[in-house]
Every structure is written in C-alpha cells, then in structure tokens.
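Before anything else, here is the set of structures, which you'll find just below.
After this come two complexes, each holding chain A, first together with chain B and then together with chain C.
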Partner chain A sequence: MYKIASKKELAPDIKLIEVYAKQIARKAKPGNFIILRVDDKGERIPITLAGCDINKGTISIAFHEVGKTTIKLGSLNRGDHVMNVVGPLGNATKIGKYGRVLCVGGGVMVAPLCFQAVALRDAGNELITVIGARTEEQVILRKEMKKISSELFIVTDDNSEGYSNLDFLKDLLTTTKIDYAMVMGPLVLMKEVTELTRPYNIKTMVNLNPIMVDGTGMCGACRVTIGGETKFTCTDGPEFDGHLVDFEELEVRRRMYVPKEKIAVLFYRIFGENI
Partner chain B sequence: MNKSREELRIGVFICRCGNNIGGVIDVPKIVEYAKTQPNVVHTEENPYTCSSEGLSKIKEAIVKHNLNRVVVASCTPRTHEPLFRATCEEAGLNRYLFEMANIREHCSWAHMHEPEKATESAKEIVRIAIAKVRFLEPLEEPKIEITPSTLIIGAGISGLTAALSLSEQGFNVYILEKEAEAGGLLRKLHTLFPSGQDALDFIESIIEIIKVRGNINLLTSTVLKEVKGYLGNFEIIALQNNQREVRFKVGTIIVSTGALPLEPTGLYGYGEFDNIMTQLEFEQLLKNGLEEKVEKVVMIQCVGAREEKGITYCSRICCKVALKNALCIKELNSNIDVYILYRDLEAYGREYVDYYQKAQEQGIKFIRYRQEKPPNIIKDSDRKLKVGVFSPIIGKGIDIICDLVVLSTPLIHHQAGRDLSQILKVTLGSSGFFQEVHPKLRPVDFASEGIFLCGTAHGPKDIEESMAQALAAASKASIPMAKGIVKTEAVKAVVDKELCVGCGACVAVCPYNAIDWLSFGQPRIIEANCMGCGLCAAECPMGAMQLKHYQDNQLVPMINTLFESEKASVLKDEPSIVCFACRWCAYAAADTAGVMRLQYPCSIRIILVPCSGRVDAIHILTAFSRDADGVMVAGCLKDGCHYIDGNIKAERRVNAMKKALEVVGIEGDRVEMFFLSAGMPDKFVESVINFTDMINKLPRMRRTVRKERDLNV
Partner chain C sequence: MIKKAIPIPKQSVEERIHNFYEVALGYSEDQAVMEASRCLQCPNPFCVGGCPVEIDIPTFIQDIKERKFDEAIMKIKEKNSLPAIAGRVCPQEEQCQKMCVMGKAGDPITIGRLERFVADYEHQRGVKAPQKSRPTGKRVVVVGSGPAGLTAAAELAKFGHEVTIFEALHTTGGVLMYGIPEFRLPKRIVQSEVDYIKKLGVTINTDSLIGKLYTLDELFGHGFDAIFIGSGAGLPRFLRIHGENLCGIYSANEFLIRVNLMKAYRFPEYDTPIWVGKKVAVIGGGNVAMDSARCALRLGAEEVWIIYRRSRQEAPARQEELENAEEEGIKFKFLTNPLKFLSDQYSWVRGMECISMQLGEPDESGRRRPIPIEGSEFIIDVDTVIVAIGQTPNPMIPRTTKGLQTTKWGGIIVEEETGKTSIEGVYAGGDIVSGAATVISAMGAGKKAAKAIHEYLSNNKAEMK
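Now for the complex of A and B:
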C-alpha cells in the first residue's frame, strides 16, 4: 500500500498527488512513468511523473479525472492509500544542452512537462514555453512554467485566455531560431506541433500515451509505429521523435475501448463500488 | 434538469382519426388520463386533428391557454409532424416544442382486437410523449446560402441529361468524366431499343449540345479527389489527366457514375472459345455486320445474375437487349436462326410486349431453362458450338448446333464506387450500387443534404429510365439553388464544454467530418456538415456530446416515465419492452405494419431515434435500472444505414452492453440488436413477437437491479 502524502487541485478535475514511494523516488528521472492500481479490483493505469522528492521519499503525479479509475483515484485524500505503484518505468527524457528549446504542453500533461522543463533549464537551455488547454480554467502551472521560461505563451481552444490557436507558432518559428522541441499533451496537439516544426527540421520529441498493460515490454499493447518500425512505448519510449510517429495508427488503437469505458463509467456511477 | 425557467404549460390534443383510433381506443379515457400528467394545462379530443378545424383548434388553444409545449396524439410523425410543427409556428410557438404520440400505426392499428389493452398502451405512449416534450428546447434552423452550380460526376447519358436540364434552368454545371470522352456505356452500343436508333449518333447529338452550352464545363480524363464543405458550399478538388488539380465551388452534387456489364469469366465457356461473347461485344459485331456463314445464334439470359449468392438481382435490361439484338440479326439476314434461352422473360411495359410479339413473329425461338439445369456448351465440329438445354415445358433436352453464343450479363457496380462513397460520405447498398434515402419518398436523394443520384449508379436501368431519373435528380438539385437560401435541419450535435474531456472519440466516430478537433482537444461542431445522426453523442464517454432534440436529458425521461407508475392491470401479463427504432427503417417498418393491420403484442413501447447509432449504454441501462424486461435496438439493414454505418456501431455497443449486463446479473439476451428496412413490416412484427416470446421465458424483472443511485444525466 502506498500512502498519499498530499493532494492538490490544479484545476477542476485535474489533481496533483504526492505518494510515498521511497524506492521509486530514489531512481526516478524526468520522463519516467509509473503504473498504479487504486485497489485490488482496479485497472493498471500508466502516469508520467510530474516530480519526485528524494528527501521526502515521494513521487508526484498529476491526472485528469476522465475515466472510472481516475475518478476513483481523485476521490482519495491525503492519508489514503493506493494499492500499488510500480516504477520508475520507461526511459528518462534525454536532457542535453541544445540551446533554445520549445516546450509545448497541453492540459494535465503540463505537469510532467514542467518536471522535464526544469531539468532542461538546469542543463543550460533557454526555454520558450507554450501551455494551453481547452479552456482557461484547465490551464495549469502558469507560474511555475513562467519562472523557468524566457517566454511563455498561453493558448485556449475556446479563446478564453491567450491565443485561440497555434497559428502564432508559425511566425515564431520563422523569426526565432529553435534548436529542439518537446511536446506533451493530447495526440492532436503533438501531431499539430510536429507538423509545424517539420519544415524547420527541428528535432521534436513527443511523449506518447497509448493503451498500456504491463509497462515492461511483455504484452505489446502499447506498440506504436516509429519511422515504419514497431516499437513498444513502455520500453523503447515513452519519448519518441515526433516526426517519425504514425499518429493515425496511434489514434485508432487508443480508441479501441471507448465504448467499454463508457459502460464502465456508467456502471460505476449507478452501482458504485459493488461491481 | 430542465433548463428553461418558465413554467411549463402543455397542451395535449388527442385525435380520433374517425374510427381509425376512436374505433379501438377509448379516446375520452386518454383525454382524462392526459389531464393527470404534470404540467398539462389543456387537453382536447378532435375528430381529425389534422383537419383545418383541428389545426385551428391547436392555434386557438396555444394563444388562449398560453401553451408553451404541444403534444398531438394521433398518427406517425413521419407524415404529419411537419404540418403540426408549422401550425405551432403560426401560433408563435417554436416548432421544436412539439411532440407526437403515435397511437394509430403503433397502437390502434397494431392491437385492433384488444381495445382495452390498446387503450392502456395508448396512455403509456401519450405519457412518453409528454415526458419528452417537457424537456424540449426551442431550436433555430440554420440558414445556408447556396452557390448556384452543380457538380455532376460521370458523363454518361444520365449525367449529360441532368446537365442539360440544369443548364437550361440557368445554373452552372461542371461534369467530371474519368474517361477521355463523354458518353459512357452508350458509346459501345450498336442501336437502342425499341426505336432501333443508332446509339453513337444519339449520344453524340447530346454531347454536341453540351459542348456549345456556355454554362456547362465538361472536364474529361478527370477524377474527383476531394470534397469539402456542405450543401450550398461544396469545395471540389479534382485531378485532370492525373496531374493538374482543378478546384471549384458548387452548391449541389449529382452522382451519375453508371455501371458496367459483368464479364462472365468462367461461365458458359466464355474466354475459352472466341465465338462465345457478351451482348456488349456482340453489339460491336453487329455494327460491322455478321459474317456470311453465320446460320444460327444462341443467346443465354441471366448469365451470372439472379444467383443464390453474389449477384442476386435482376438487371432489368438484358431481356430487352436480347430482343433488340435478335431483331437486329433478323434485319441483317432473316435466314439466321436465333434462339433465346431464358429463365423468365422480363419484357414489361407499354412497348416491350409488342416488341416481344414482334420477335416471335420474326421466328425467334424462345426456350425456357431452369436455374438448376443451365444450358451447357461443348465444341462441335468446324468452329461450331453445341448448346444443350433442358426444356421443362417439353420435358426433354434439346441440342442446338450454332455459330455464335451470346451471353446476357447483368450490369454491375463500378469498383471505384466505394472510394467515391467515402469521399462524398454517401451510402452504398448491399449490391454495391449507391443507395437512395427512401425508394418512394426520396428516390434520388442521399441522406447528405445537397447530394443526389441518378442512372445506373443507382442500379440497372434502361436509357429511358436513366434519363427520367436524371431529370428528377436535376430537378431536386435545382430546388435549393433556385431558392438561393435554404433552412437546414436544426437537429445538430452540441457539446457541453464543462463535461468534455477532449478525448476526440466524437471526432473519430463522426461519419461526416463534421467535428473539428482543436489543438488542445476541444471538439468544435461544423453545423453545416452535421447530419444529425447522433453517433458522436452515443460514443462520447462523458455525455458531453449531445444531439439536439434527442439529448440524454430528453430521452432518459421518456424511458423513466414508462416505469414510474403502476402498470395497468390489463397489461400486467405483458412484459415491458423498450424499442429504440431508427426513423429511417424500424420506425417506418412499424408504421407500415400498422397500415397493414399486422397485429403484435402490446409489450413494446417504441422510442424514435434518428439512427440506431444514437442509442447508447445510458439509454439501455436506464431501461434496465428501472423495470424493463427487454430492450430492442432496431436499425437499418447492415448495408443500408443512412449514416454510413451507424447501425454497425449500434450493434457493437449492444454487444458490449450484453456482456456488461451479465456482470450485474441481468441476462444479456434481454437486449438485442435488429436489422431491418422500412419495407419489412412483417419482419418487424416477427421480431417483436419472437423477442416478446423469448422475454416471456425469462423471469420478469422486478428490481433485480439494486437501485442505489438514480441515473444522473
């Protein structure tokens, strides 16, 4: 059992929790992920780390309550326990001195992006950051990102804050030299940004989030096609060169269980824990 | 739950429809019952609500009683809803604040011999309608400006005919033809039946006119690559000569891509002997005249058509083609013997019976064969063929030594039709031809607004029929263009930003590319592209995507209300089955079943949905979490969905639901998917009877499900 050390609401339905997991905290690096189960009946969900504290022996994860498991996880409070946590899994993000780095984050994924961005800044990079969400109230970690970036842009799909789309990036890319880019967020965002950077040949890393089962390379559920080759997100990723990713395939594979998830959420709402 | 703040004032009008309803159902009882329903402030009984007197009573009542919702309990909304909606509008009430309860087709006509049960069923049907009307919201129909030009795909006789008609009406026309020349299949024919006119002369005379028309742009060697936009504003991208991109804008589209004859490879020795050929190849031969030594010709009908599997249909034209070509032979040389081996001779209509008689007078011999005993062909001496056929009439075999065998093969669909159906987002039928919305009510329309079809792309037909259909398509296409501005359907998808999590499931499931996926996951509905099927609403895992007029908070109360009050004692023996019926097929089939007075048990309550694909877990589970003994989801035939494949998606959901129900101890058999067409009232009735029987074998659902929490929609 892993105890929850703290819980914070970053936005409605978006929560950040710290969990005591000493062994994991000791080894965790930005870009790693963990898999957790809320209880003995729960499914295993992979979540990218949003931070760790070796001294306290805690790891941080942010999640958006969208499915049955995240809704359950969100109902837990400080002092409650989650059944188990396994990690750190996957490869840590490559932190180098690239020069000027474009960091783009969407929705809840701004939290793990922040963890990686801090490491990039500490390695001597200058950061230009774009964060956004569907609407203003779901934009998270504005202050934290602002602190580490030379410039911060905010984008919301509904135009409630900052820019209403990514068109301004086109101008930015023509006027400013960018050496490296990193995108974390919804598939549609990763796809769009990689298309924007492609003409400029800017190495653009994306953090993929396919359906995953064991997280250790055994099942193959998280397979993705990178430059025509099959890779496992858990053991080969989760970070990949965005210009090589087959996003269409990933989209189709990710939606495989949508009807079942809908039923699961509905049953959970009606019958609660009893099934 | 209800968003409108004003006090609800519902008026309920119950129609006797003469004896049609009043003769079975105790109408005054229904009126008394409606009065007991919440928010009902006015009820009345009319001999005929749809008569001018009935309509003015609705208008009077709206004004006098300040009604803000109206329910008419009468016949099917598929015919009379527009009339009643217009009436509401005339009295100042938004037309979408109206609901119909179908107590005629689905009740009085379906349960004619059980007046008591029918009366109690009618109460439930009225109650369902009142439950829904309470949650309806006023809707506005978006106005669209129409570009006055048409794209016609395919320059065969149908496409050219439609083009001429539209051009004469003053609209611009673009014709795309994938071949280097216009004219289609007609170019390859010798003469036309029944006139005997030269085919090439005929088609070229039409092409000549097309070429000189200033407002027709004929683009040959051009294929359609992409279509964006919607009725009134389609953006077309075509590719000419496989290299040059052509872009233009049109308001409407007509599909007239035609068909092609089946090549009967492997049938009757085709390809083995060069004196066995198809009718089309024979036409070429006739053009050049037959060789001197030809003495006998045998034609075989229904080659590869009307089979048990594969091509099951009759190609309509082959019998007439055979008659024509047989007469052509006789004209060239009356000494040549011609045999037509047929299964059934389809020479119907005004001129063709005479045509058949003429052929008989000319000495053409007709020999019938049976499907299970088809003719066989073997090589005889000296380039001759021996055709053996068993005649069921004389009861023995006949051998014919002949010089030529001509095979009549059916018209089949173009392989490229599938790609085109994807580009245009229109429906293909099971035989691979394009499919209209309704064979009688909308025979040249696709479900996608502004796209029409004609000619053999729709199925085999002769030139006369193709041209008539082309004129119909042109006329339908001209309606919005003549108006300039049209109102479109107000039933569109709508997304609740608060509930949406940006997963994009709606974007992927939409058959019409009507949902944009913005950078951070927000879906945005392109209203003009939305056809109102509701697939996105059913797919959305959060209930954030909804279909106006069929929202969860409108459908769920309908289901709930069924189980809120005690069942009438006469209905106690009947199980409670909720049937979600697609408006294009199952609902229509139920209507027709009523018209035909087919009787079925009072067990089912039909809830109208735009597509079976709108039905999702929440609706099915609502029914079971209350008291329902069974749920039917009824959609179109597998290849016949009006929204491409909504029915297939519905089936997938029903199957997922079956498994999930087992987990909570409800038999998965209690929910079932049905596939039928509007023309299958008997199958609808059979399905209801069988499903009711099956449910009757299971124990009744009496709160076997723990109702710990009510559904929160």
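Now for the complex of A and C:
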C-alpha cells in the first residue's frame, strides 16, 4: 500500500498527487513512468512521472479524470492509499546539452513535461515552451513553465487564451534556430509538432503512452512501429524519435478499448463499488 | 491387476465452457486408494528416474494405498514444495508416468492425480508449518515468485537461510497466476502454496522490479550474500508478418494476463477489459496456445481455431490439454502457417492468409521441419488472433547487470548442474535461462540452484572463519 502525501487540483478534473514510494523516488528520473493499481479489482495503468522528492521519499503524478481508474484515484485524498505502485519503469529521457530546446506539452502531460524541462534547463539548455489545453482553465503549470523558459506560448483549442492553433510555430521555426524538441501530450499534438519540425531536421523526441498491462516487459500490448520496426514501449521507450513513429497505428490501437472503458465508467457512476 | 486407470471426475463439457471453474475435479479418497492399489511397487522403480525433482513415488503411493495420507504428503514435500501445483500442471505423461511399468500392459499409474489428491487433502486440513534448520545468518535474494523462485526460496529457507523474494507484479506466483488459467490451476491453490512458503519464514516483496528498483549490485550492497534469478519469460515472440499490430491481435501473454491476473472475465466488476470476437484464431501448438483457446471459448467466442505449422505429433502441448481442448470444441488446423493479417477499414483484423505445410527432414529440434506447399494459400475469416509462439527471457536483469553473460536470445548462461552464472554469488534458473519451458523444469532448476547456493554459502562461511 502506498500512502498519498498530498493532493492538488491543477485544473478541473486534473489532479496532482504525491505518493510515498521511497525506493522508487530514489531511482526515478524524468521520462520514467510507473504502473499503478488503485485497489484489488483495479486495472494496472501507466502514468508518466511528474516529479520526485528523494528527501520526502515521494513521487508525483498528474492525471486527468477520464477513465474509471483515474476517477477512483481522484476521489482519494491525502492519507488514503493506493494499492500498488511499480517503478521506475521505462528508460529515462536523454538529458544533454542541446542548445535551444523547444518543449511542447498538451493537457495533463504538461506536468511530466515540466519534470523533463527542469532537467533540460539545469543541463544548460535554453527553453522555448508551448503549453496548451482545450480551454484556458485547463492550462496547467503556467508559472512553473514560465520560470524555466526564455519564452512561453499558450495555446487553447477554444481560443480562450493565447493562440488557437500551432500555426505560429511555423513562423517561429523559420525565424529561430531550434536544436532539439520534446513533445508530450495527446497523439494529435505529438504528430502535428513532429510534422512541423521535420522539414528543419530538428530531432524531436516524443514520450508515448500506448495501452499497457504489466509494464515490465511481458505483455507486448505496448508495441509500436518505429521506423518500420516493432518496438515495445515499456522496454525500448517510452521516448522515441517522433519522426519515426507510426502515429496512425498507435492512435487506432489506443482506442481499442474505448467502448469497454465507457461501460466501466458508466457502471461505476451508477453502482459505485457495488457491482 | 487393474489395467485401466481410475478416471478423474471432470466438469461436463456443456457446463465448463461457460465458466472458469476447475475442469478436473480430483479423486475422492476411495478413488485415490483404488488407483494407488494398482501400483506394482517395483523394487527398482523407473518412475522416480522420470521425475525432475526425484520424488519417492512408490513410497507415497504405498502410503495412499494404506490411507496414510499425511505420510504421503510429507514424503512428496521432502522433494517438492509445491505438490498441489505440480500435480495439476506437470507433463506427467512425458515424465514419471511414461516410465511406469504398468504403461506397458495398460494405463500407467496416474501419479500426477495422486500427487494432487494428497496435496489437496492437506490443504483442506490446513498445512502444517514445516521444519526449518537452524538460522545460518546468511541472506539470500530470490528474484521472481514463479515456480523457479518459489521452489528456490522454499529450499533455501529449509536450509536455514533468510530469504527475501522480490516480485515485479502485484501478486505472488508468476506464471502460475498470470499465465495458467483458473480452470486448470485455481488461484487459491497457488496462494495456499505461497502461504506455505511464507510459513517457512520467507519475506515476499511485490511491486518490486529488480533491475529498475534495485540492481543486483545494490542488493549485494544491502548485505545480501547470494542471489537467485528466476525472473522468467519476458517479451512475447511475434510472427513478424504483415498486419501483426492490427487491433484484435494479442500476444498470448497479454491475453492471458488480462484474463488470469486481472480477471477480465469478470469485467466490469474487475476494471480490466478484454475484447474477444466471434471467430478466434490461436497460433501455436503448446500449452499456452491451448490455454488461450479455451479462455477465448469461455469468453464467448463462437469458433476457436488452433493454427499450428507442424502436425499433431509435434505439438508441444500436453496430451491431456489437447484432449480437453478438442472435447470443448476447439478446432485444429495443423500444418498451417499464417502469411499475413488482413485489415478491415477500422484497422481491426478481419482475416488471415495462411499456407498449408508439409513435413520434411528433421530439424535441429529433432522434429520434422514444416515446409510451405506452394500455391496452397487460403484465407480464413477471424476477428481475434492470439499469437502463442513463445517468449524471450525477461530482459530487465540482463539489460541492467554488467558482466552477466547471456545467449544471443537473451537467456542467462548458467552451469547446468548448479545454475551458477558468470557473476559470483548469482544463480539463475527457469525460463530466464531456458526460454519458455515447463513449470516442473523451472522447479527442478530452482531446487538445484538452491542446493548450489547453500554449498556456496557454507564454503564462504568456512573461509570467513
């Protein structure tokens, strides 16, 4: 059992929790993920780390309450426990001194992006950061990102704040030399940004989040096609060169259980734990 | 002399294809005694030679015959700490029973069923805490809690060492929990065997992926004196043919983990979903393929095909499992190999192009090599595919341990008799060494390694003095 040390609402339906997991905190690096199971009937879900604190012995994760597991997780409070946490899983982000780095994050994934961006900044990189969400109130960690970036752009789908799309990036890329890019967020965002950077040959890393079950190199559910080759996200990733990723395949595979997930949420909303 | 074996009561086919309860129900006391009384008590028993852990088979059978069931189970446990599991999943027909003299004139003694009977008899009455040796003060890590790890842990604890198991998953038992289905090996049986191991004083840490949470070096740094690696099979093998990443195509590992470990067959009571269509093809001819096919049937598939590139004779599955599958209406297409998967407009699998095969000369495995018959391509309609053609050894420890020698397939290289690896104090056994093999061979490897570790620690102690 893993105790929740703190809980914060970053935006409506987006929560950030710190969980006591001393041994994982000791080893966790930006880019790693954990597998978490809320209770003994729960699903194992992967969540990318949004931070860790070795002194407190905690790890941080941010999640958007969209599925049954994240809704259950969001209902827990400080002092409550989650049943299982395994990690740190996957390979850590390669943090090098690249020069000027473009960091793009969307939705809840801005939280783990921030963890990586801090490490990139500390390694001596200059950061140009773009963060976005559907609406202004769902944009998270503005202040934190602003603090570590030389420039910060906000994008909202409904145009309630900043830009309404990524067209401005085209101009930015023609006028500013970018040495490296890192994108975390919904697949459409990762795909769009990799297409924008492709003509400029900017190495663009993406952190993939396919369906996983065990997360420890056993099930093969997380297979993705990278440069025409099948790779396993849990052992070969989760970070890959975005220019080589088959995003269409990943998008379809991620949707495999959407109807079932909707049923699970519906049943949970009606019956709670008493199915 | 009774030539025929006493048949084991089973759930009827009509009933069992709609549930996940155990298929074979086990002998009653009288049935067990009757079966035991068929044993000739050979003065020079061949059966023992066929047992990878050398159980004194005639003696425990004699005990059953005399209704001394407690003695029988003690006799088995001298050699095997997990009899309720081995009695259910061991390929006895290839091992002890194959050697049985009774098999020449009739049916061999059903040694596995008798082993299971006495193990279940003990479980029903409560398992007694076993005898332990005096503590040696040595601390040993066991990585993985599958059949190899549990056996090694039990043996090491009996020698008096302090044993700590690290298990990556959230529950103890490894493949016994995530791989073998409930209807073949009920999970409560596995858990009561695990309880027995705990009674020996073994500490079990779940959620602990060695290689990530701790490296082997760190474990030695924490004061452990030796390590046994039983981290088992890892990434699934795929066919590497066109369309393999379409939706609806599972590895057997994923499929079985969802069903067995995550209990997806009880969705939405349990949160993990699974999707099974009407027409399912399972590719492979081993026990994992049979398990997958029978799970798919129980999850509501209308038609389940086993597609295997060799013939029935070469199929590595246990005879009993092939028969169970056939009884339940699983259909077989032997001498058939998939060439590519066909997609519908939504990127879900809708069919499979296959080719017929014929058997040629024996290959390096000693089995006749399957050769495609040109022009024999055909298409079968399927909406779910489960690829059950094996796994590679788990990559986590080999990838994070300097100096640990592995084969090109990623298996850890060990000394056959001891399980000794290229690193001093580190031993390994089970699927992490051999690739996917049987539960009993993993148990055998765990046992051998435990003995070698004990010797290593005893010598070490002498040196230190």
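Operating definition for what follows: the second predicted complex is superposed on the first by the 275 of 275 C-alpha atoms of A that agree within 3 Å, B and C clash if a C-alpha of one lies under 4 Å from a C-alpha of the other, contacts with A are read in each partner's own complex, and residues count from 1 in each chain.
Methods note: a contact is a pair of C-beta atoms (placed from the backbone, for glycine too) under 8 Å apart; a residue touches a chain by one contact, two chains touch by 3 or more.
As the structure is a prediction and not an experimental result, all values here were calculated from the model.
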**Request:** Mind checking the superposed model to see whether chain B and chain C fit together on chain A or clash?
**Result:** fit
**Prompt:** Looking at the overlay, what does A:213 touch: chain B (first), chain C (second), both, or neither?
**Reply:** second
**Request:** Classify the contacts of A:71 with the two partner chains as first (chain B alone), second (chain C alone), both, or neither.
**Result:** neither
**Asked** Regarding the shared-chain residue A:189, is it in contact with chain B (first), chain C (second), both, or neither?
**Response** first
**Message:** Once both structures sit on chain A, report the angle chain B, chain A, chain C from C-alpha centres, rounded to the nearest 10 degrees.
**Reply:** 80
**Item:** First (chain B), second (chain C), both or neither touched by A:270
**Value:** first
**Request:** In the overlay, answer first, second, both or neither for which of chain B and chain C A:135 touches.
**Result:** first
**Prompt:** Is A:221 touching the first partner chain B, the second partner chain C, both, or neither of them?
**Reply:** second
**Message:** After the superposition on A, what does A:158 contact: first (chain B), second (chain C), both or neither?
**Reply:** first
**Prompt:** In the superposed arrangement, does A:37 touch chain B (first), chain C (second), both or neither?
**Reply:** second
**Asked** Where does A:173 make contact in the superposed view: on chain B (first), on chain C (second), on both, or on neither?
**Response** neither
**Request:** Note down the smallest distance between any C-alpha of chain B and any C-alpha of chain C in the overlay, whole angstrom.
**Result:** 6
**Item:** Contact residues common to both interfaces of chain A (with chain B and with chain C)
**Value:** 252, 255, 260-261, 263-264, 267, 275
**Message:** Applying the document's contact rule, which stretches of chain A touch chain B when the two form their complex?
**Reply:** 13, 64, 66-67, 106-107, 132-135, 155-158, 165-166, 185-189, 192, 251-252, 255, 258-267, 269-272, 274-275
**Request:** Within their complex, state which residues of chain C touch chain A.
**Result:** 168-170, 178, 206-209, 212-214, 233-236, 238, 240, 244-245, 247-248, 250-251, 253-254, 257-258, 261-263, 267-273, 275, 346-347, 391, 394-396, 399
**Item:** In the complex, chain A residues that touch chain C
**Value:** 23-24, 27, 37, 41-44, 68-69, 83-89, 213-214, 216-221, 223-225, 230, 232, 235, 249, 252-253, 255-257, 260-261, 263-264, 267-268, 275
**Item:** Contact footprint of chain A on chain B as seen in their complex
**Value:** 497, 500-505, 508, 517-522, 524, 539-542, 616-618, 621, 625, 652-653, 656-657, 660, 663-664, 706, 708-709, 711-712
